[in-house]
Every structure is written in C-alpha cells, then in structure tokens.
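I've put the structures underneath this note.
Next come two complexes built around chain A: one with chain B, the other with chain C.
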Partner chain A sequence: MGLLSDPVRRRALARLVLRLNAPLCVLSYVAGIAWFLALVFPPLTQRTYMSENAMGSTMVEEQFAGGDRARAFARDFAAHRKKSGALPVAWLERTMRSVGLEVYTQSFSRKLPFPDETHERYVLGEWGVPGPRAHLGGRGLGWVSPWRVSWGQEAQWEGKSLVGIGGLEKGGLQRPTTVTLRSPPPYCIQMVSGTNVYGILRAPRAASTESLVLTVPCGSDSTNSQAVGLLLALAAHFRGQIYWAKDIIFLVTEHDLLGTEAWLEAYHDVNVTGMQSSPLQGRAGAIQAAVALELSSDVVTSLDVAVEGLNGQLPNLDLLNLFQTFCQKGGLLCTLQGKLQPQDWTSLDGPLQGLQTLLLMVLRQASGRPHGSHGLFLRYRVEALTLRGINSFRQYKYDLVAVGKALEGMFRKLNHLLERLHQSFFLYLLPALSRFVSIGLYMPAAGFLLLVLGLKALELWMQLHEAEVGVEEPGGAPGPSVPLPPSQGVGLASLVAPLLISQAMGLALYVLPVLGQHVATQHFPVAEAEAVVLTLLAIYAAGLALPHNTHRPLSCRVVSTQAPDRGWMALKLVALIYLALQLGCIALTNFSLGFLLATTMVPAAALAKPHGPRTLYAALLVLTSPAATLLGSLFLWRELQEAPLSLAEGWQLFLAALAQGVLEHHTYGALLFPLLSLGLYPCWLLFWNVLFWK
Partner chain B sequence: MAAPLALVLVVAVTVRAALFRSSLAEFISERVEVVSPLSSWKRVVEGLSLLDLGVSPYSGAVFHETPLIIYLFHFLIDYAELVFMITDALTAIALYFAIQDFNKVVFKKQKLLLELDQYAPDVAELIRTPMEMRYIPLKVALLQCFPQCYFSCLSDIPVSVPPYLVCPRTPLSPPAAVHTCENEEQGLLDLFLGVCHDVCGKPSGNRLPLLLPSQLLGFHPRSLWLYCWVSPDFKLSCAVKEGLSVPDLTPNIGLFWYFFAEMFEHFSLFFVCVFQINVFFYTIPLAIKLKEHPIFFMFIQIAIIAIFKSYPTVGDVALYMAFFPVWNHLYRFLRNIFVLTCIIIVCSLLFPVLWHLWIYAGSANSNFFYAITLTFNVGQILLISDYFYAFLRREYYLTHGLYLTAKDGTEAMLVLK
Partner chain C sequence: MAAAMPLALLVLLLLGRRGWCLAEPPRDSLREELVITPLPSGDVAATFQFRTRWDSELQREGGLSVLLKADRLFHTSYHSQAVHIRPVCRNARCTSISWELRQTLSVVFDAFITGQGKKDWSLFRMFSRTLTEPCPLASESRVYVDITNYNQDNETLEVNPPPTTTYQDVILGTRKIYAIYDLLDTAMINNSRNLNIQLKWKRPPENEAPPVPFLHAQRYVSGYGLQKGELSTLLYNTHPYRAFPVLLLDTVPWYLRLYVHTLTITSKGKENKPSYIHYQPAQDRLQPHLLEMLIQLPANSVTKVSIQFERALLKWTEYTPDPNHGFYVSPSVLSALVPSVVAAKPVDWEESPLFNSLFPVSDGSNYFVRLYTEPLLVNLPTPDFSMPYNVICLTCTVVAVCYGSFYNLLTRTFHIEEPRTGGLAKRLANLIRRARGVPPL
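For the complex of A and B:
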C-alpha cells in the first residue's frame, strides 16, 4: 500500500508509466505473444494424467466381438434410410427393441430464422412435394431460392406438419412468378422437423439415478450409418453384461445437432432455444458422461477426437485421458485436430508440430461452435466428446471391433464413476493428445496483452488529469495549479453521442439482418440467407461511415473551452477500458476467443489517434476489425490444415461462416455473434471515431 | 428545483414499473449479487405463507426479516411493488431535502469560519460556492433512485422500507426534523440514521456502530427509539442471531461465506468474532477523528458497514455510493480514483461471468468467484480510505494554507502515516 499512499514513489511510478509507455506497451505485447508461443514447450506444457481414481487403470477386459453384426446393422440402416428418405424411425425402434432396450421416440420441430444453406435441413422435391432429400453440401451461398415464402404460407405449412411423411399439398404453395431453376432445384424452407430415437439399457445393479449416453447424430446425408450399426451392436453386447451400475442411453438423433439439442432440452425439461418437441417418455437419471460417434466407413485408419463445445466449453480433461488410454491399449491410432501427436518433445520438431495443433484448437474453440454433437451436452454439465472415424490412405486399418472395444472400455470405466467427473482440468489447451496447458499457465499470455490496454489507459488518464489539475495531482503535492475547469461535465457529454451511436450500430447489426430478410428478399434478387449475410456486411460497413461525422458539433464545443486533444483522449480512454473489460471477460470464459481478439485488436487500439499517419492507422484498424479477424482466421485455419484457400474460396467460406454464426446463435444459443455485434463491434467503432476525430 | 426532482422521480418510478413487468425482474431477483438471505423478497413471501398457516415465520431457517416487515406486507402483499416504489421515492425526496439542508449548514459554517479568520489566506480555491453545490442534492437523489431501482428493489426489500416503519416522521418531514433539533447537523444525522438504518439494521449486530457514534457525539437520545422496535414479538432473536452468527453460507459479494464454508466448525465462533469486529472496530477512532463532521462520519460508517457486514448486496453498495456527489469537492484530492473505479467496474462485470463459470458451466469453482469478491472489497476499502484521506487533507489545507513549504523552503508533501 506504500505504493498508493507514498507520494515520492507514486511520482516515480507515474513518471515511469508516462516516459516509458511506448516501450512498455511493445514489450508487454511481445511478451504476450511470446508467452503464447512458449506454451508448447515442455516446462509449460505438461503430460496429461488421469486424476479420477475410479478410472485409474485400464484393467478391464473388452469382450466386444460384434463387428459383423455392426456391419449388418449398418447396411440395413443405410438401406432403410435410402428407401424412406428420412431417419428410418420404425426400423430403429424395432431393432433397438430386438436387442433388448427400452425404446422411445421424440419428435421435434424448429423454425429456423432463415434457411440453413450449408446443411440442407429440409429439401422439397419439385413443386413442393416432399421428395428424397438430396445432399447439397458445398454449394454454399450463391444460388437463388425460387420460393418467396410469405408468412401466411408458412403458417399453413406448419399446420400441416412438414415432416417428410407427406403432409404438404401442392395447392398450398404458389409457384413464384420468376423462377430461376437450377438442377436439382434446391428448395429449402425454414421449418425443420424430425424424430429422435433412443433406447435405454436399464442397469441391473442400480436404481436409474445415473446414466451414460452414446449418441450418433444423423444428418440429412447418408453418412454415419456405420456409427448407427456400431451403436446397435454395442447395445446388443452391453445388454448381455451384468456389471452395469449406470443406465446407458443409446441415442440416434435426426438433423445432427438440432435433434441433439431438442433431445437434451426435453431430457432436462427446459426450453432455451424455442424448440418445439414432444416430451420424453423415458428417462434414466442424471447423465454423467456422453460420447458422440461419427463413423462413415467399415474400416478406419484413425480416430479423431473433438473436444471443443458450444461457446468454447471443454469437457473435463479426464474424459479425454480415458479415450487416450484406451486408444493406447487397443493400439488405435488417434488424432487431435486431425494431427498425429509428435513423439519427440525434446527437439524443436515436436513443439512446432504441437503449435500447429494448438493453433487449430485455439481457432476452433474461438469459433464457439459445437464441433460435434457433444458440444451441446457440455451446456448441461455433461462431460462429452465426439469420436470421428477417419478413413485415409494409410495402410494399416482397424475394423469396427477395434473401435467398439475402445468404446466398451470407456463405458466400463465410466460405469465405475462414483461422482461426476470433476477432479481434472476444465480449462486447458491441448498442443497434443497427451500434453496440455492449464489455465494458470496460459492466462498470462492474455494478461500481457490486456496490460497494453491498461498502460495506455493509465497514460491517457494522467495526461488528461494533468491538463485538468495542472502538475499538482500526480505527485500529490499542491503546486501552482490552474483553476479547476468547471466543464468536466461537458467533456463527458461529448462522449455520449459517439458511445450511443456506436452502440446503436451494434444493436442494428444484431437485430436488423434477421428481421429485415423478408424485406430484402422482396426487393432484391437474393435468398433469405444471402439477404441476412449481405445486410450484415452492409450495416457493418455503414458503421464506418456513420459515427465519425455526427460527433463534430458536440466536440467543437469542447475544443473551444479546453485543450483540443481532450475530446479524443477521453473517448479513447473510455474505449480502451471498454475493450479491456470485454476482452478480459471473454478470455475468462473462452480463452481462445479472447486471446485471438486481443492479439489482433490491441495494437490498433493502442495506436489509434487522430494525428500522424492516419491512413496507415486506418488500414491497420480495418485489418484488425472483428470481421477481418474472422476472415483472417479462416485463412489461417485452412493453412494449418494444409488445405490453403484461394481468395474467392475464402470469401465464400467467410460468407458461409457469417450465416452459420447468426444461425447458431438462434438455434443453439452460441454467443459469438451477439458478442461481436453488441460488444466488440461498437467498441471497435469507438476507435474508428478516435482516429477520425476532428 | 422541485421540477427536476419531480422529473427524476417520475422517470425512476416509470423505469421501475417497466422493469417489474419485464422478464428482467425474474432474472435479477435470482442474482446472487442482489439478493441476500436476510432480505430476499422470496423469503419474505415464504414467511408470509407460514404466517398465514398459523406457524411462526421464524420457525424455519428461511425467513429472517423483522416482524414489522412481515406485518406490513401481510396487509400490503398485493401492493408490494407500489410500497417499494413509494418508499424509494420518499427516500430520494428525503435525501434531496436533507442534503439541501446539509449544504446550507456547511455553507453557513464556512461563512462563520471565514468571518472568524480561521482559514488560511490562500485557500480561496478550496472554498465551496453555492453554485457548485446547487445540483448536489439532485445528483444524490438521482443516484439513490437509479441503481437501487435497477437491481435491489426488484428482488429485495428495498433498503428504504424499514425506516418508514420505524420513524415515519423522519423521512416525511426532513426540514421539520432539522428545525426541531437544537443542533442542525445532529438533526440531520438523525435523518440519515433513519434512511440508512436498514443497512445496518439487518444484521442486527451491526446496529451498534450507529448507536455508538450517536452516543459519542452527545446525540439526541430520541434516535434510540429507532431500535426499540426489536421488542420480542415472535422469536426475534432469530433475526439478530442470523446477522451475527452467519449460518447461511449462500455466496454473496461479501467476505464471510467462503471463509466460513471452508472452516472447521470448531473454530467458527472465534472467527465470527474476528470478522464481526471489523464493523465495530473503526467506529470509535473515526468518531474521535471526525467529531466535527458527523455527516462525513456517517458516510464512512455506511461504507464500512456495506463492506464488512455479513450479508451485503449491491443495494448496500449503491446506498453509500449515492453520497459521492456530496463529496465532489474532494475530487481533486483523490489519488487513485481512476485505478479504483476501474477495479470496481471490472469486478462488477466479473461477478456474473465467474458466477456463470462456476454454477452453470461448471468449469470454474468457488475460488474464482471469491477472488473477485475479495478484489471488489479491497477496491471498496481503498476507495473509502482514499475519500477519508482526501477529506483530512482538505481540512488540513484549509487551516494551514494550500501551499505548504518544508523547513528548507521546498514544496512540502502531506504523507499519511
């Protein structure tokens, strides 16, 4: 406390902060980046270890031998699915019942805010007759939807249950007057409905108070049949065992994550996303852990594990350790972010490869998307991960038995759990499957970056304060001081307009695209999803032109009374604090996002001022705006995946990512879109204001 | 000056009425920062239903309010919202007039001292003018209305309800209160006692610090009857015991819950004493140091109570923060106001974030939340001591002159030791 009350030391400190501000800021920024890069080197990255006692050893004997059965199930499932064009609910029910499960179904429907173009949720055949669903992946934006849906028609559709069972009549729809048909006609509408099927294996040794989940998300395309086959074969095998102390739920969801979300909401009896679904008939106690499975081939070369969930949430590290130990035991090749783990951490190669994996994880976590249906379980405090079977050109392949054995081992170990997984880390970064960095070690990286903002803010405050009270205050001793300016309030009042305007822009960015899509589709030749994305970009760009013109009348008044610099300094001070606050909060909840945004936004924010090379600063600011960061991340991501993007592809991907971001906010409650539009974009506009302060 | 006040009141009441009807009300009333086990409205409703069933509301471990509250709301339960609004508005009005009177007193005293040549010659810029003091009462009323109405009153029994039960005269006729007293500042003190009574009143043990100064200052004994209503009606000791012994360890923004959740039961009594002593500890030294300035003393006391009481809420913090405009003239002497403001803003943002991480996401734990609680309270303590030091410095400069020189002729500095 001596530092705060002793005037001599305070004065020295103040002088230090003022004089050495620029070098300190640079140093701090470099230290932050360097710290992050150093995370992959051994003293900072540690070996993972199993903390949970109950899962301590892998001493279980896996007896699963149902490889043929799994393949047979998978073939049947694929055939039935092809025939019905949707999830073969009746077949699934019958099969699950035949292997001895308690079977229930759940139907759900969800109206999307606008059509989802990357996953064709629901595709109508020509002229609105429900036909076989066609996979339209990779089409992206750029097609024109022939259906202009008016609200009245939608209401009619809803009433007739759009499930692909044939409730839609030809007469219910009108042919639009201008149709630009492409083949196949990708009609898509916003109503998604489907059915989840799940079977419960009741534990013979306990009273249905706890459960585990094995889930297979089925999309509209015909992948994942092998996963369903393996799930059924495992269910048949598990049914014969006597040692289960937790119920096991085998869940097959339709429409990938939408089905999972509907099921989870119904299971926990909440409604957070506006999903309409039938209530669940059967439950099995609190879910302790869940594994999602994605397999699309009879043999795999490796298993990829995905941990990043909704809003960057991660499962307990022990679950990942469990997977890894069973992979090791069965000799399965497992990858993280599609990367094998480096063997040698002593030389430079290992850490460098680790850095690639780490960066990929940071990018995926920062996106806040659920990467696999496990991501939605995490919100309900269910530890979960997704296993993906990869079938590459590698020579040595594993069949379904090997995968099944690993899953059996994991479930038997999870069955031993006495309490929720809580012993190990929840906040970590993974440079490799067997290496992790814990929160205490990676947080300083973000801390150093935020320190830059703090230092800048302190400098500005001191400059402002000196201008106000003369030399007296920082030292604490009264000197010959200028009379206290009575117009402190005016300085603040000049900030209100830019603040309000930029916040209003943020609000417009958040609300208008989805609200205005119908207006846009009526007046321009675009589809709804395109309309949303284009409106988004238009408002974003309009924000750059708008605010810096409007504060002028207000700022003039300030200039006349006080030093000319006061206005922008005060605005920058507020903006710096605002940014630091937001980044701090984000870094705590989702380190990757916070760090990524801090890395890009901090330098431009610290530099922004209305003097000097303005065009340079403006270019820097634009390059580090949230949208540019997103675009840059997309390129970096594909670069790290060794599939570099061309510019045009990158742009298409960017547009698709924008649409996905908005859609995921509305369907799953992902927070990235509101964070960017309501928080960081207005804050960034403030810096833009500072730059063009007159 | 009445028009702006009326405008403030109208806006405050409108905003509150809107908030009560929005979905935000439910959200806020569940927030741990806003609700304390002692004053939560939910618990009052529970107590009321117990009363309706003919069971003593104190028989469970849920209800800890005073019997006057429960009887009041027994009749007014349907109009609770209205009661909250009215009491809040009345408090704002009372504070407005009280501060106005206080300003007059301060000004009169300053004039007297100037005439008596008690001030150093070069302190002209420290002298307060009626112009700069003009809007202070309005600012206080504004600050009293708004943060309270946003958070506290939606879920809590507002900080302002109990005094009206106890001492209807005080808030309703503040000027009368002032004039009937022999000493005007003491009359005001009485008024403040009424207004901030609830903050101190809830953990009843904490009432003492207010009693102490009033006695120490030769206070009008009339204020004592504020406390008489704790006449044992039901098992009233419940309410007192609750505040003192801290049995309910629901997390809040205070310092008690974590510590006592971690501690072995065996030591709990000792540490309860150690923790509770903080509230009382500073009273006597402060009373001695500030015997000339009872209102500032009051302000410091409210702040200390808000920091160290066993179940604080943001309502308590907002109450003492509403007085900041009164001490606007200390601004130039505050040293760390920027850093401390930042700390407090950061903490108030991190409360919900870490609460979410701990309770909903499950990825953080109670240590994270408590760390922020600790930082928040350290920030508050530093802020209050900054104000205290600034006040002392101003007083010193007033009597010794603004431009002090050390013995060797250089510029001197005041050091707090």
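For the complex of A and C:
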C-alpha cells in the first residue's frame, strides 16, 4: 500500500507497467494456459478420497439377485411401450403396485417456444389447416432435409399412437383427425404432454422426512427399457428389506428431462419454467440424493458416469467417490466422459490421457446443459449423478445383476447418511475417475488470463491520463495528477452510443429469434426451428455491420476536439473492464465456461485497436467471437471423442446446438444463451467497434 | 417425556397403594383382547389390550401374550405402547375405589413383507406363534378380526377357522363387523391344540382396502434455495356431502421467519377465509410462532394452507452438531369433529369390547379426531463447519485490511509537496525576503 500511496514510486511503477505491458500480458496469458495444462500432473491433481464418515468405513453386503426378473420386466415394458406408443402408465402403475410400492402419477404439459427437432418426441399439437408448404419438402437449405425426414416419421408415429392412447387423454388437447400429414402446417403450437409414474417405498418406523431417488428417464423410443426393468427389480428387492431409514422414490419420467423437470417442480411446488403439471399426491420429505440410470442393453461392458448438470453445477464429489468405490468392489469397468482412467501417472502417458478427459469435462461443463436427468436435480440441492450402461465390442460383459449390486450398495450407503452430502468438494475438475483438481488449484489459471485484461486496462487508463496531462499542461494545470472530471465526462458521453447500440443488438439477439419465428415462417420457406436458428445467425452477423457505422454521427462532434485516439481508448477501456468483470463472474460459478471464453476472447480483446494490420485483427476477432468459440468447441469435442467431424457435419451440429441452446434456456432455464446474447456478444461487439473506429 | 410420565405415576402408585389399603381386595378380572384390522394403506394393524385391576397379579403366561415376541414386533412398520391407570369404583355407591391398569400395544405389520407379496395374513405369519390356550387368570380372552366388506358384493374375504359369532359396531363413523374368537370357549382350542387365525382375500385386493378416512392431511416445504421457502399443508376432506370445521395448530420455530401476509388458504380454487385466527409472533431464541386457525373444509375437497417464510441465519454456536441434516419443524396438529356416516349408539363401557375405549365418541352424529401431519426437515443457511473457523476469520481479516487500504487509496488525491530543505536558514531567508517585498523562495 505504501508503494501505491507514494506518488514518486507510484509513477515509477506506472512507467514499468507501461513499458513492460506487452511482455507481461504475453507472460500472463502463457502462464494461464500452462497452469491449466499442468492441472493433470500429480502435484496439482490429487487422488479422490471419501470424506463423509457415514459412507466411508461402513461395509455393505449386496444381495441383489434379480437379474432375470429385471430382464423380464424390461421385456414387458418394451412390449407395452411399443404397443401403446407412449409410456405404458397403467402397466407401470400395476407393476409398481405389485412389487409393493405406493404408486402415484403426474401428468404434465409444456408448450415449447419452437419445435425441438433433434428429439422426435414432440408430436402433439393443435394442427391447423394444412398449409400450402407441403411441397417444400426437399427445398431450402442443405441441412434442412434430415429434419424434414424426421417430421415425416413423427406424423406416422403419431398415427400409430392415436389408436393406442387416444382413450387415455382426458381432453384439453385436440387430437389430429388426419394423420397423413407429411410436413408441419403453419401455426402448430408445440405442446408436449406426458405422464410421470413414481412409486414410494416407505421406510418402516420413519416419518418420511428424508428420501432418496432412483430415476429413469424415458424418451420416445423404447431405449432405456432395461433401466426400467432394473429399477423395478431393485424396487422389489428393496421392498423386502427392513433396514431403510429413508424413503426411496422410484421415478420413471416421460420425455426425458422434460418429465424430470416437471416432476421436480411439482415436488418442490414451484414453477420455474412455465410447466403445467398436476400437483403431486405423494411426497417423501427432503430428497437427499438421486441416481439416474440409463441402460439400453441386457449386458454392459462398462458404466459411464456423468456429473455435469444444469449451468455447470456439479454434485458433491463424495457421490462420485461412492460410485467409484462400488465400481472397484464389484470389479466393474467404469469410465468418465467415455474414457478409461489411466493407470500410470508417473510417465507422460497418464497425464496426457487425463488431459483429454479433463478437456472433455471442461467442454461439457461449459455447455451448461444437463448431461442426463441428474442435472436438473442439482438446482434443488439434491446431489445426483447419471449412470449410463455402455455396450461396446469389449469381450467381457457384465449382466444386470452386477449393475444392480452396484446400485444397491450405493443406495444402502446413502441410506446411512446422517446429513446431506456436504463434506467433500462441490467445485472440482476431473482428469480421471479417481483424480480431481480442487477449486483452489484451478482458479489461478483463469486468474492469469483475466490479469491480461487488467494489465491492458491499466495501460489504457494511464495512456489516457498522460494524454490528458499532455494536453492540459501547457495551459497551466494546478497539479500533475488530478483526475479531470470535465474531460472524463466528455469521454464517457462519446461511449454511450456504442454501448447502447451493442446492448440493443444483444437484446435483439435474445428476444427476436423466438418472437419472430412465425413471421419468418410465413415469409420464408423454413420451419420454426430453422427460422429461429437462421434469425439468430442473421442478427449475429448484422451486429458486425451495425455499430461501427453508427457511433460516428452521434459522437464525432464531441470527440473531434480531443486527441484522436482518446475515443477508441476510452471505449476499449470500458470494454476491457466489462469483459473482465463478466468473465470473472462466470469463472466463479462455472469455471469451465469462464476459462474457455477467456482463452479465446482475451488475446483478441487485448490486441484490438484501429491501427496496424486491421484485417488480421478482424479475422482474429471473428475467430474468437462467442459463436466461433462454440463451433470450435464442437470440433474439439468430437476430436477428443475420437470421432472427428467433417466441415459439413460440424456446421449441422453447430446449427443444432444453437437451437438446443435456445430451447434449453426456455425449457430448463439454462443460462448459456442469455449469457452469451446479453452479456458477451455486446461486449465482443464493443471490441469490433474499437477495431473499426474512425 | 410422554413415556416418562406414566412410568413415574406408576412407581408412585406402586408405593402408595400398599400403604393405604391392606384389606384383601376382591379378585378382579383380567380382560385381554387382540384386534386385527386392515389399514387403508394395505397394511394390517394389531392391537393388544390387557386390562386388569391394579391389585391383581400381573404375570401372565398363556393367552394372548404368547404372541408378544420381540423380534417379530420390531420387524414391523410401527408400534406404540401405552399404559393407562385410572381409579374405578368398587361398588355402586363408590365407597372405595380400586385402580385399573390398562396396557395397550399397537403394531402395524407390513402386510406386503409378511404376506410374501400378498395381503393375506395369518397369526403364525405375523407373530411366528399361534394361540394355544387362554390365560388361566383371564375372565375374558378374545380375538376380534375386522371382516367388514367394503365392496358391495358379499364374500370378498374369508377367515379360517370360521368364527362362531360376530360383533357389529360403529367405529369412527362407519359400521364395522368383527369376527370374535373366544379363547375361553374350549371348543375353539381343543380342535387342533392351537388356533391360527388366517385371512384370505378371494380376489386380488385392489379395491378391497378400507376407504381412506374422511380427514387426512399432508405437509411439505416448497421452494428451493436457502433464502426463502413455503410451508404448505394440504387438508383433505373426502366426505361426500358434509363440510366440517378443522382447527389447525402450527408451531413454527423462530428461525423460520413467517410472513403472515402471505398466508393463503384455498379450497376448490377459491379463497377460504378462516373463521378464527390466532397468531402469536415468534421472539428470537425465546418462543416459536404460534398460528391457530379454524378452517371450514368444504365437502369432497382439498384445502391448501400455505405460508411463506425466510430462513434466518443462526449464530454459529446455535447450530446443532449435524447442521447439514436440517432442522425439524414440528407437525401441524389438526383437531376436528368429523361427521359420521352411521349414527353411533352410546356405549356401555363395561360391556362393550375393550377397543371401544380407543375411539372416543363425542355424540352420535360425529366423532373427534386429532391428526398430526408429518414433521418437516428444513435446511438453513449453514456455514461450512468442516472448514475451521479460524480460516474464515483470517480470510475476513485479510479482506477487511485490503478493502480499507484500497478504499483509502481510491478516495484520496495525492499532492507532491516539496521537501523542506534548509529548514531554519530558509525560513530566515524568507523572512528577509518578505521584509524586502520579494516573493519567498
């Protein structure tokens, strides 16, 4: 502090920062990246360990032996599912009751902002007059055609289901009478409706204050029927035991995550996303932990565990440790991000493999989408993870008994819990299933990157200051380091226009695509989802053209009297601080997203200025814009998964990801879309503005 | 506490009676009774009652008490024990009194586990014993089995051995039929040396469970996050045509700060104004909130009572040793006079079976019910106690020091002051210069 309050030393320090700014920035950026890469090496990555006493030392003997029963249940479920075309609610109710559970159902419906075309499940709608666009099937953009095919399938599927479940619907929705539609008519309001079924196993001699959840999300096809079978067999086994201290809820949801969200909202009696659902009849107190199960084959070669939840939330590390314990105990092959964990951490191979897993986790967490239905539980402070059975070409396979035993062991240990899981880490990165990096060790990486922005801002601030001093000293200034309110005020006034315009662009990007989809579908040969994505891209591109042309007529009068550089410097200063603030906040809540955006946006942001090789800067800036980052992340993701994308596939995936991002914001409240459109995109436009300052 | 009270009383009486009354009392009867009834959830409840005059011998060897085998009784979903002692008159003029001791044990058997997936039961399956003889001391030893047909069709269930007599009564407003097995009837035991009562459902008992009671309730916490929440109580009135009032008593700990203006009561989508509200606000660390309301429940309706609260921050010594478990909020208490479907006759306590005393009848047209909802578990904002507190304190100190210095630095302007070189000589020179009228150095 003494260093800063002494004006002489302060000036010396300032001069040092000014002179060494570029090397310091480069050093800081390189240090940030290097620190992140170093996270996979043993001093920074540690072995995981069980922190929770209640789950640590206690031994559990698993007795589940209902493999045949699980398979029989799965077969029945798949048959009923195929017959009715939707979740066989009556069969599930009957079966759950027959294994001795207290069974309830919940029906829900949700109006989507636009049709979700990556999942072929959203079929019910108020179909208007068949539109004049039936002939458009093969036209339009190249990436449209697979979606068209899916529409055709949906219409057929709808036709089948009509016979099966038409009687169950109580009304409200008007069922289509013609089922031969091959393309979506205009104005179809996308209503999704479904039914969740859940059974509660009441713990004897307990007052239903706490519960655990085992959930299976069911999509439109009959995948996951083995998971339902295992759930029922486990329920039957658990029902016969007397050691339960917490109620156990066995939940089967329809429409994957939408059903889970509807159930969770109804359970907690809140309405976050505008879901309409019937209130729950049965409850079982505060949910302590949840496990989601996805199995689509009778045998598995490995179990994959997913931890990343909505908005990058993670469950307590102890839950993952618990899973890992039972993987080891049962000799199961367990993977994280689809990767086996490396055995040898001393040589270079182990950490390199760990780095792949770590990067995959960072990309997944940064996407902010729930990777499995566990992701939605985290919002309600219910620790949860998803187990996925993988059936690959490996020789050795495990049957459902092995998976069931692992689940039984996990539930019995969770049953021992005296408190909510809280002992272990909530913020961590995982380079392998048995290795983790805690928040204290990974935050410096983001800190170094953000330091670049700080240093640049400091430099600009001091340059602005010196310019002022330079202008005003001949006029006889009273003191050398007095901040000058009048000239500052003028500088800020010139910033108002570009700031407002870029924020307005962001707002338009957030609001218009969904709002204007009907206008777009009327005037252009596109479906709703395509309209949304195309509008999104159009507004995004339009933003590049707009702001740097509009700031001049508004602000040139004021700026003209000042030094020519002052305008863009002040704007860049504001933009740098704005970006640093945003990235800092994001990195605190979702490190992966913050780090990813900082890695890409920081160099271009630091370099942007209206002199020098402008085209190079412009190219760099475009390549590091949020949308380009998303595209690049998709390529990197598939590369790491060893399934590289071709350019066309990548583009299609990118468009689908945009649609998914918007949809997930509306259906689950994922924050990535508003964050990018309202926060980072306007900020990035400011740099674009700086670059083309005249 | 509730268990300690009768015990203390019991000890007191034990000491007292011996001293007062040395006269030989008339040998009083021991009455024992087992009632088995199905529950709406599908489970089976068994209630034992033993009633005797205090002065008679208490040890029992045969009779119903052979069924009381600990490992089976603790393998159940629920059990409760009670001891009642009351004075009774020995003669019509009540010149001397005697003490009556009544012991009850109620057990709920999980019919699903004991019946291997079916809801049939037998004494042997439930207790792993059968009845072999009546208690030699008992003047009355009976087993009552609820065989009420809830379906309109006859013959949905079957008890074995077939009962010799049945007994009809109005219990909690509905008519019930009980099969009676009198152990003192020698023919009953002598047939096969033991009595194993069995009940079989003739059809899968999907709709055979007794109807849900007219009044039941459910309570839960809604909302998420650690700042706010809502307490919701659902009151169900399943009576087809009668509305009745319910007195709802809530005591909520002070660390849930209730917002009374958010109290909403809705039935059938409309607001339901309580006819009486008594609210006593909480005082921090002294007394909880007390909220008492008289609510009219319309016929065949669900009434939702909800009130929002804010979670308070406790002092760090006030947290329990397991703060992340959550804090319990005690159940709401519902008291109501529930209208009966069938009018009850006034009963003669001495003549009717013992279990009648478990169901007090206020008058013929309705009966009194007191219900407790489930307790709730609410998480409060909890500091991370696994992190030592000194670390938190240190961090706070560092932050405070940094903040102070930075604030100091940012809100002040610095001027460079020329160092005073020369001191005295310079001052003297300035004095001279001033005298000369020349600007000072």
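The definition used in the following text is that the second predicted complex is superposed on the first by the 604 of 694 C-alpha atoms of A that agree within 3 Å, B and C clash if a C-alpha of one lies under 4 Å from a C-alpha of the other, contacts with A are read in each partner's own complex, and residues count from 1 in each chain.
We adopt the following convention: contacts are C-beta pairs under 8 Å (C-beta built on N, C-alpha and C of every residue); 3 or more make two chains touch, one makes a residue touch a chain.
All figures in this text were calculated on a predicted structure; none of them were measured in a lab.
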| item | value |
| --- | --- |
| Chain B versus chain C as contact partner of A:381, first or second or both or neither | both |
| A:584 touches, of chain B and chain C: first, second, both or neither? | first |
| First (chain B), second (chain C), both or neither touched by A:537 | neither |
| Touched partner set for A:283, first chain B, second chain C, both or neither | second |
| Partner chain(s) touched by A:607 [first = chain B, second = chain C, both, neither] | neither |
| Touching partner for A:7 - first (chain B), second (chain C), both, neither | both |
| Touching partner for A:268 - first (chain B), second (chain C), both, neither | second |
| Chain B versus chain C as contact partner of A:18, first or second or both or neither | neither |
| Touching partner for A:314 - first (chain B), second (chain C), both, neither | first |
| Contact residues common to both interfaces of chain A (with chain B and with chain C) | 4-5, 7-8, 10, 379, 381, 422, 479-481, 483 |
| Partner chain A, residues of chain B touching it in the complex | 125, 132, 332, 335-336, 338-339, 342, 345-346, 349-350, 353-354, 356-357, 360-364, 382, 389, 397, 402-404, 411-416 |
| Chain A partner contacts - residues on chain C that touch it in the complex | 41, 75-78, 110, 112-113, 117, 218, 220-226, 230, 232, 322-326, 328, 374-379, 382, 384, 386, 405, 408-409, 412-416 |
| Residue ranges of chain A touching chain C (in the complex, touch as defined) | 1, 4-5, 7-8, 10, 51, 98-100, 102, 202, 204-205, 207-210, 239-240, 242, 268-270, 283, 285-286, 379-381, 418-420, 422-423, 479-483 |
| Contact set on chain A toward chain B in their complex | 4-8, 10, 313-314, 378-379, 381, 422, 426-427, 457-458, 461, 465, 469, 472-473, 475-481, 483-484, 486, 577, 581, 584-585, 588-589 |
